[in-house]
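Below, each structure is written out as structure tokens.
The two complexes that follow have subunit A in common; it is paired with subunit B in the first and with subunit C in the second.
Take a look at the complex of A and B:
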């Protein structure tokens, strides 16, 4: 490799040899990160002869059709539907509750440290343990676990701490002078929140929404014991990894990743758009 | 007398508590209670007070093997994730001069985090399998003439899958800590004649410490609480603490499952809080 030729000879003005070593580390990391994922996307487009490994056998959408029509691959359509609904529900609740909690944590209040540690505990507790606990609680109370009650709560127990931690980072960049200015100009507290704080924090809230949606949509360990009789998509994928040995599994991987990528694209795209509009407005006023 | 700031704080944080109390505090208390009960053998629980479940867990040789196995995976994964995470972040912060490019490359590293863990795990099958790409390539190149069997469904595969999933948890906080280092500080050190190794040792590493601590919390707690990576990627060759707990749940042995759940949770919490003593993450994130 070319980097060995430059090793140990730092040229003045050029890049140090460490640059090339770390560049190699970085490239290897990115390849390691993406190569496996890309290979299953490619393999999911095989035809009916397809297997789990390369070489590609044919090119078709056979396994995607198989996925949504065959009964033996389980209720993919239904679980997909439920996962999306649940993720939307989790996203909305996560954004609202994390925003409020973030506002609370801007100042010290009695017991804030306890609440903070409670949140960290909820984040690091093993997912299956929490799921088991919620399942047993519902059992004791004589309630049936279902995806929109127990699984919703189980997922919020991990998305909320995440969301609040992101709010900490977002709020630390918030200059309180803007808030004071708004108050000095006669805005009510509610107006200050709605017209000043919220618009400024909007990109951060989009980031919270992105985390909320994707964490919920892919959540597995906490949902396993709490979803009740109807599966969410990751649970469906899980049972497929244990039973299905056809590229249908990869096809499902491709479909769910497309949904994730669309979500990421929407979130990052809207953050960029908000920033650009802001820059434009500042330019216009100058 | 209730202060106004306290009132506002509690009001704004109450929705959070309305979720965390019924879905974290109460379930944990229920598990704690269940761990002292007796199983009736049919998935029900007899409400008594017994320490048998804990005695059973501590007496079993299996418990120690499981914890040893899980701790081994956690430490090895942590080591790889820390080293890779540190150098990738270091590269992005100090070697990529164009800020926009650095953020773009950083996003490139984080995008897979927002996709399914299970899918990312099984995506190693076409690469590591007996007829996978790596074996095909090595055999094609004439380096080996028998496919390497240890690549998939082995402890090696478990580590690969963990590092693949969790290095991101190191990259984000370390990248964040390193970005806060004032570049002129490094210029000053260079001007004062310190070597780049000294800069790494006396400036970069101390500043990276809090990021590493934050990443460690995620990596260690996730590996300790995981069971599906071990189950699928080891091909049944290895077990994990949560995996065994899940088997207990599968045969409706709730009290003994609850006892090992309590023990595991206490251990995870102890690990996390000992890391929190080193770093004040609240200040760290908000800085």
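Take a look at the complex of A and C:
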């Protein structure tokens, strides 16, 4: 008892040795997590002599230009375009359906457990297998797979369960008395949704949207067999790794990372903006 | 629908044979309630959690429908009508203020959903905020208000609809002790100013007797006793009501002798206890009866100072605990087996001649002051 107590308490002039062990583990973890990514970002800024490994050869934006102008690197612009559209579509559907499901699951209904497990089931099935199954089904039905039909469905099979699970967490903090109070004060069900439920759940819905967007934007396994003839960005990157051997590949990695960060920044920024504006309004008028 | 003279006031409420059961009758929350609340009354429904009191409130409010029975407000059956049509308003437990709307918008909400213009509804909200002294907090969000201020917002939000009945679900339970007493007074003032019927659900008997014109004590979905606060307090119908209202000791015994309007019963000890009863009771020998004796009616006498005076009944018992309470001293005795038998002795009197734990004393009271309960 007394030994373990002294091990954890800081002695005069220093921290316990356990602190340094944990610090070392943490630093190794961070290096393992970020060093590979950062290497790619750095290597993408080489000049025309650049190769796939260190050391850096020169410093320029050559490979970024190359990425969008050279045909041999693949259809980056087209696939990027498709990925963004698909991600927006997935986001909208995920937010709407997760919201409705979250509302529905607040009450018990016949077969609710079965519906829940069916939904979670699609997370358990390996994405590649699920994508293959969807692709086969489309073939069987004589339909042509494409990014806005089969790939959309395949991606929803993973964003929806996540979205609904987030909504469960959000809903658990939602006080049903707010709805009742709204009804008590004479609001119609639609007015209650619009004036009370949606505004209160807004931060949660932004989180669902963010999740849906980022999951879709770099989804690979489920999309591989379902995208049809036109590639999404992750598929394009994958095929590039097979036949492109220039830092253009790294440039693409840098660009896509920037897009992801911009998206997250916009989402978080909008939440901060809403809160600032509310606070400002209070300050101004008080 | 025929108008009944007894309950035709606009805010009069009448419950007739109201039953609420769930799961196809497996559990019954409210089990056949009949109750009349006059227009403009302050009614407190009192009972432990799970006794069905909140369900009654929610049925009057229109948030739940009774399984059987009728609910009349102003003489008109309102079962199936939404809250707005009933002209009721509810103040929810912990208030349920909309967290994303400021005080003004919370109060103006009911007017907003009715499609009233912004300027008009803000003008009305402004008036309402002035009445409940919230003017300076108009821009605050509920999370930035104290408990007492939140309660006022909730009250204002409900009152702006000009209801004929205000339903309050444990309105003071979210407040700390000190504030609770202060807001209790505010509720009473508000009710007088608005002049509408208040139905207030609580599990705190202090709240009920301080506020209510009509106290309704409930147990397991049934009304045990309903009446003016003082009547329920001094003349509880049975042990349950006596113990729930507090301030009473209940003694149980068998009738030994009957003589006119006096009888004697024998309780745990062999000593006979004198009991007064009036024409409402018909006692029989060997019948089991229960009497309630107020804690502040009990006088403690030392046996060595002679016999119990005439007109008083007494039990001999041992002091098991003494607690100083400031204005009185709480003395616990072992006169009953299960719950403590308690005497509230005025502070000055106790300290003239203090007693000690372990002493055997007579706990005596005026025979006329003990209350013979109807249902043993």
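One rule holds for everything that comes next: the second predicted complex is superposed on the first by the 250 of 286 C-alpha atoms of A that agree within 3 Å, B and C clash if a C-alpha of one lies under 4 Å from a C-alpha of the other, contacts with A are read in each partner's own complex, and residues count from 1 in each chain.
We adopt the following convention: a residue touches a chain if its C-beta (ideal position, glycine included) is under 8 Å from a C-beta of that chain, and two chains touch if they have at least 3 such contacts.
All values reported here derive from a predicted model rather than from experimental measurement.
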| item | value |
| --- | --- |
| Touched partner set for A:191, first subunit B, second subunit C, both or neither | second |
| First (subunit B), second (subunit C), both or neither touched by A:122 | first |
| Subunit A: partner with more touched residues, subunit B or subunit C | B |
| Contacts of A:32 with subunit B and subunit C, given as first, second, both or neither | first |
| Contacts of A:132 with subunit B and subunit C, given as first, second, both or neither | first |
| Partner chain in contact with A:104 - subunit B first, subunit C second, else both or neither | first |
| Which of subunit B and subunit C A:182 touches, first, second, both or neither | second |
| Contact residues common to both interfaces of subunit A (with subunit B and with subunit C) | none |
| Residues of subunit A touching subunit C in the complex | 175, 177-178, 180-188, 191, 195-196, 199-200, 278, 281-282, 285-286 |
| Subunit C residues touching subunit A - in the complex, by the definition given at the top | 61-63, 82-84, 88-90, 92-94, 96-100, 102, 109-110, 112-114, 138-141, 144, 157-158, 161 |
| Contact set on subunit B toward subunit A in their complex | 3, 5-6, 8-13, 15-17, 19-20, 22-28, 30-31, 34, 84, 87-88, 90-92, 95, 105, 107-109, 111-120, 122-127, 129, 131-133, 136, 164, 167, 196, 217, 221, 224-228, 232, 242, 245-246, 249, 254, 257-258, 261, 264-265, 268-269, 272, 276, 281-282, 285-287 |
| Subunit B-touching residues of subunit A, taken from the complex the two chains share | 15-16, 18-19, 22-23, 25-26, 29-30, 32-37, 39-40, 43, 52-54, 93, 96-98, 100-101, 103-105, 107-112, 115-116, 118-130, 132-134, 136-137, 140, 153-154, 156-157, 160, 164-165, 168-169, 171-172, 210, 214, 217-218, 220-221, 225, 234, 237-238, 241-242, 249, 252-253, 256-257, 260-261, 263-264, 268 |
